[in-house]
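Labels for the chains are A, B, C and D, by order of writing; each one numbers its residues from 1.
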Amino acid sequence: MKGFKLSSREYQENDTQINIDTYAKKLSIGQGQCTIIAGPCAVEDRDGYLKIASFLKSAGAHALRGGLFKPRTSPYSFKGLGRAGLDIMLEARQLTGLPLVTEIMDVRDLDFLYDNIDILQVGSRNMQNYSLLEELSKLDKPILLKRGLSATIEEWLLAAEYILAGGNKQVILCERGIRTFEPYMRNTVDIAAVALVKQLSHLPVIVDPSHATGHWKMVAPVARAAIAAGADGVMVEVHQDPDKALSDGKQSLTPESFSAMYQQLMEIAALNKTRID
Amino acid sequence: MKGFKLSSREYQENDTQINIDTYAKKLSIGQGQCTIIAGPCAVEDRDGYLKIASFLKSAGAHALRGGLFKPRTSPYSFKGLGRAGLDIMLEARQLTGLPLVTEIMDVRDLDFLYDNIDILQVGSRNMQNYSLLEELSKLDKPILLKRGLSATIEEWLLAAEYILAGGNKQVILCERGIRTFEPYMRNTVDIAAVALVKQLSHLPVIVDPSHATGHWKMVAPVARAAIAAGADGVMVEVHQDPDKALSDGKQSLTPESFSAMYQQLMEIAALNKTRID
Amino acid sequence: MKGFKLSSREYQENDTQINIDTYAKKLSIGQGQCTIIAGPCAVEDRDGYLKIASFLKSAGAHALRGGLFKPRTSPYSFKGLGRAGLDIMLEARQLTGLPLVTEIMDVRDLDFLYDNIDILQVGSRNMQNYSLLEELSKLDKPILLKRGLSATIEEWLLAAEYILAGGNKQVILCERGIRTFEPYMRNTVDIAAVALVKQLSHLPVIVDPSHATGHWKMVAPVARAAIAAGADGVMVEVHQDPDKALSDGKQSLTPESFSAMYQQLMEIAALNKTRID
Amino acid sequence: MKGFKLSSREYQENDTQINIDTYAKKLSIGQGQCTIIAGPCAVEDRDGYLKIASFLKSAGAHALRGGLFKPRTSPYSFKGLGRAGLDIMLEARQLTGLPLVTEIMDVRDLDFLYDNIDILQVGSRNMQNYSLLEELSKLDKPILLKRGLSATIEEWLLAAEYILAGGNKQVILCERGIRTFEPYMRNTVDIAAVALVKQLSHLPVIVDPSHATGHWKMVAPVARAAIAAGADGVMVEVHQDPDKALSDGKQSLTPESFSAMYQQLMEIAALNKTRID
């Protein structure tokens, strides 16, 4: 494997740490912190989002996710509230002090999202949307780069390289399952990739067990596995009432199951702290 | 399989035929014609491109391909001449009368390419770049939609549905191999998908054996298979001097091997004409 | 790719031809003949098998397939008639003069099958059953070696190498689709593998479009593609009354659709004869 | 998913526990114990095997693995010592009191291995060798059933069902990676499958990170992930001197790295004990 330079351990031996310090509580990602990003798949309505945001703050989550623009396989599916959802997210941030994560799909949304969002997410379908990556490379803003559905580890690191090469050093990698023949779950979480990328690269790596498995019952075990394998955190979907979610309800944790998982992850993360690799 | 409507045979029983008639020779794609799109991977220099274009015209090719913007896995690879290459393509069109096919990667290039190019190609990495698809859906311009590397047949048809749903009915589907475990060739041509999509949909389907296999020796057999399976044509890479190509030389046919393949494809296509399915 | 020796073109430049001449009509496989092996998935009852065998003889098929022992994913499915089905196959051979093909799953059936069957098939699940391959390598009997569901081309040729290395030079390779993410069809036919193996190896290669696709409507197009790509033949399932088949009815051709396909394949094979690669 | 009955939680709610009590230390697999099976890939020589066995005993391993018959992709590779290696394994058992695990590839080795080995392993290539499964179903002997390279979870459970249906209730499932497009590691560990199978089935599930990844550096992180996801144990390769191993040296742990991993796994297993799912 070759071709990636700025993302490699050869180029930078020590873990990159990404700091977001404009809020009440400073957030650091990388270097062994167990960062938990949580929220509903899409921002759907003000009350629901504020309610789950308050819960997540109290339960210890470190950042809030929420989709404004949802990439949907069918043109006939719910595509998110778009700009109309932003005010809801901003209100949630004011309420909780938690930084915001949302996906950017279109270079034309860049200014608008740059001004308001703390971490910009590149979805798996856009991992090789090089026009988008090149624009993001010019920003001083953390980018959460999801692995493409069928991207090799090398291609994933080379997509990160596009961002780094343009001058933006704040890249967080996110493993979210790869496409395989196995039909039961949505995708196959590549847990060994997490360990491998931590060895090859200094960039923080998190795992999204919700989209990867598509079943809420698999979220906690896979999240535990992620932290045990060395991931720097997880991003999970949580919904007040998963059965009523407009998208991805089946994979959303309830507040109760989130709290149980949170405790488990912190225990495993504590073990990691004492480990010398 | 469900969800696609406008692209289905239920919605439109008869084959879509796409006509491009602004040049010397009218080009029709679909309804049993065997359309052959050919050219080098990227437009590299004026002399080389005009030379191969002249050859392809004389050898019977129906349209000229050429990459201006090349999506490259690594940020450090040759990315095409960009707008500077357009004049070369336009000169080749004037010389040969053949319509031009090139890839669009960025919505911001739309106006520029719309005015000059006859068929806009969406590459496999962008098959689910919905912002791009939605813009293309508003045009009266044929779109060649490549199947994503790991797109199911349903997702591919749903990507086409994005274009059709916006009002653009001129979609040409292009199978270019899917990603599998097999390491010898670049991708695995899904020949049965060609036959299946012809049954499910009224849209024309072509095959790109050059990118799919990555080896020029496999191009002619796979192209023959494509036409025998019912494809409406092929898109192949041809280069005057494959060993000197800046990208994808290994998969380019020489002029001589193109001519041999051309003859084989026309013979199989002639058999298709007499077949009643 | 390396490791296979006896199966390579370097070891033997000319195509292997496998001759079976104990019956009325001598059968040769390889060297450009288009061999068509046909029959129901499993031998189910005497009348049905004899009827379809007679039809296939009259329709031009070159060999009769029929499963005695069916490998089934579930222990609760119909597993074939076993030895009880052999008499039916032998009667069909006497009636038609066509050689018999059946699968061997267990080394303990070797003597029994060796004495009665003309071509022994190794199923995809057993492609790397090395104990079985080693026993088959000691026989003077043609072996039809199906590619494993997830076998690379190299592993497939190395499985053939096991048989060749033991002294049995009569190996016929059979592509039957590989396992991929695509859910619509059972497996993904790797048509380029057919062309590649013909270049790498002197062994005959056939394709089984019935098992590969799992849909009878896809059988004829994929069979045409196979012959156009250079395959030495196809093996297809044909059933008098597919709706009533105990296994794999959905993928069986009717007698009428077999005859239509037969004609198409012979036309493409005739084109192959005149081709100089 | 359906078709498996005896292996389902519906049929038996409580975890199966497999007990092996003929030695100094009684071994129980399932119900939350963290079982660690370790040893070299193949039994190569007496001194080396006894040395590593003594080490593993002292380091806390629960069972000894060692290959007598090695399934090898190429007929020209080292295939194991065969029966000649058994005496070495028996001596190691006498020395350490640890039960023995070895692979069975051929039904004709059954009597010989049944009499001497404590856990019979079915390798991934033979997961659907139904003749073998049916013979094993008649034994009162624990069977370690590896998942096939491209087996779905359902097919894996149905292979277990073959053994259970014949009367042998002692099946241990072993996830060892599935074949995907990712080229860097040998296979892709399906960590979510471990969690899912624990939910669907009462059978114990272990993970083999050595074969799955093919890199010793990935073994400890993946083993930690396995236990965190709920696996009942791991099976790992350990070699005194990995660089000199006749097979799979690259994926073998040294004694030192084994001890470090052992400690980590026990800590995570201790957390599991206190968890209420």
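The working rule: a residue touches a chain if its C-beta (ideal position, glycine included) is under 8 Å from a C-beta of that chain, and two chains touch if they have at least 3 such contacts.
The shown structure was predicted, so the numbers you read here are calculated from the model rather than taken from an experiment.
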Exercise. Out of A-D and C-D, which chain pair has the most contact pairs?
Worked result: A-D
For this session: Check the residue numbers that chain A and chain B use where they touch, and answer same if over half are used by both copies, otherwise different.
Result: same
Problem set entry | Cα-centroid distance, chain B relative to chain D, in whole angstrom | 48
Seminar exercise, completed: Chain centres from averaged Cα atoms put chain C and chain D apart, in whole Å, by 35
For this session: Please set out, as single numbers or ranges, the residues of chain D touching at least two other chains.
Result: 150, 154, 179-181, 183
Seminar exercise, completed: So, in the complex, the side of chain A touching chain C is made of residues 150, 179-181, 183
Seminar exercise, completed: Contacts from chain B onto chain C in the complex sit at residues 1, 150, 152-154, 178, 180-185, 188-196, 198-199, 209, 212-213, 215, 217-218, 221-222, 224-230, 264, 267-268, 271, 275
For this session: Mind listing the chain A positions that touch chain B in their complex?
Result: 3-4, 71-76, 105-108, 125-126, 128-131, 149-150, 154-155, 158, 161-162, 165-166, 179
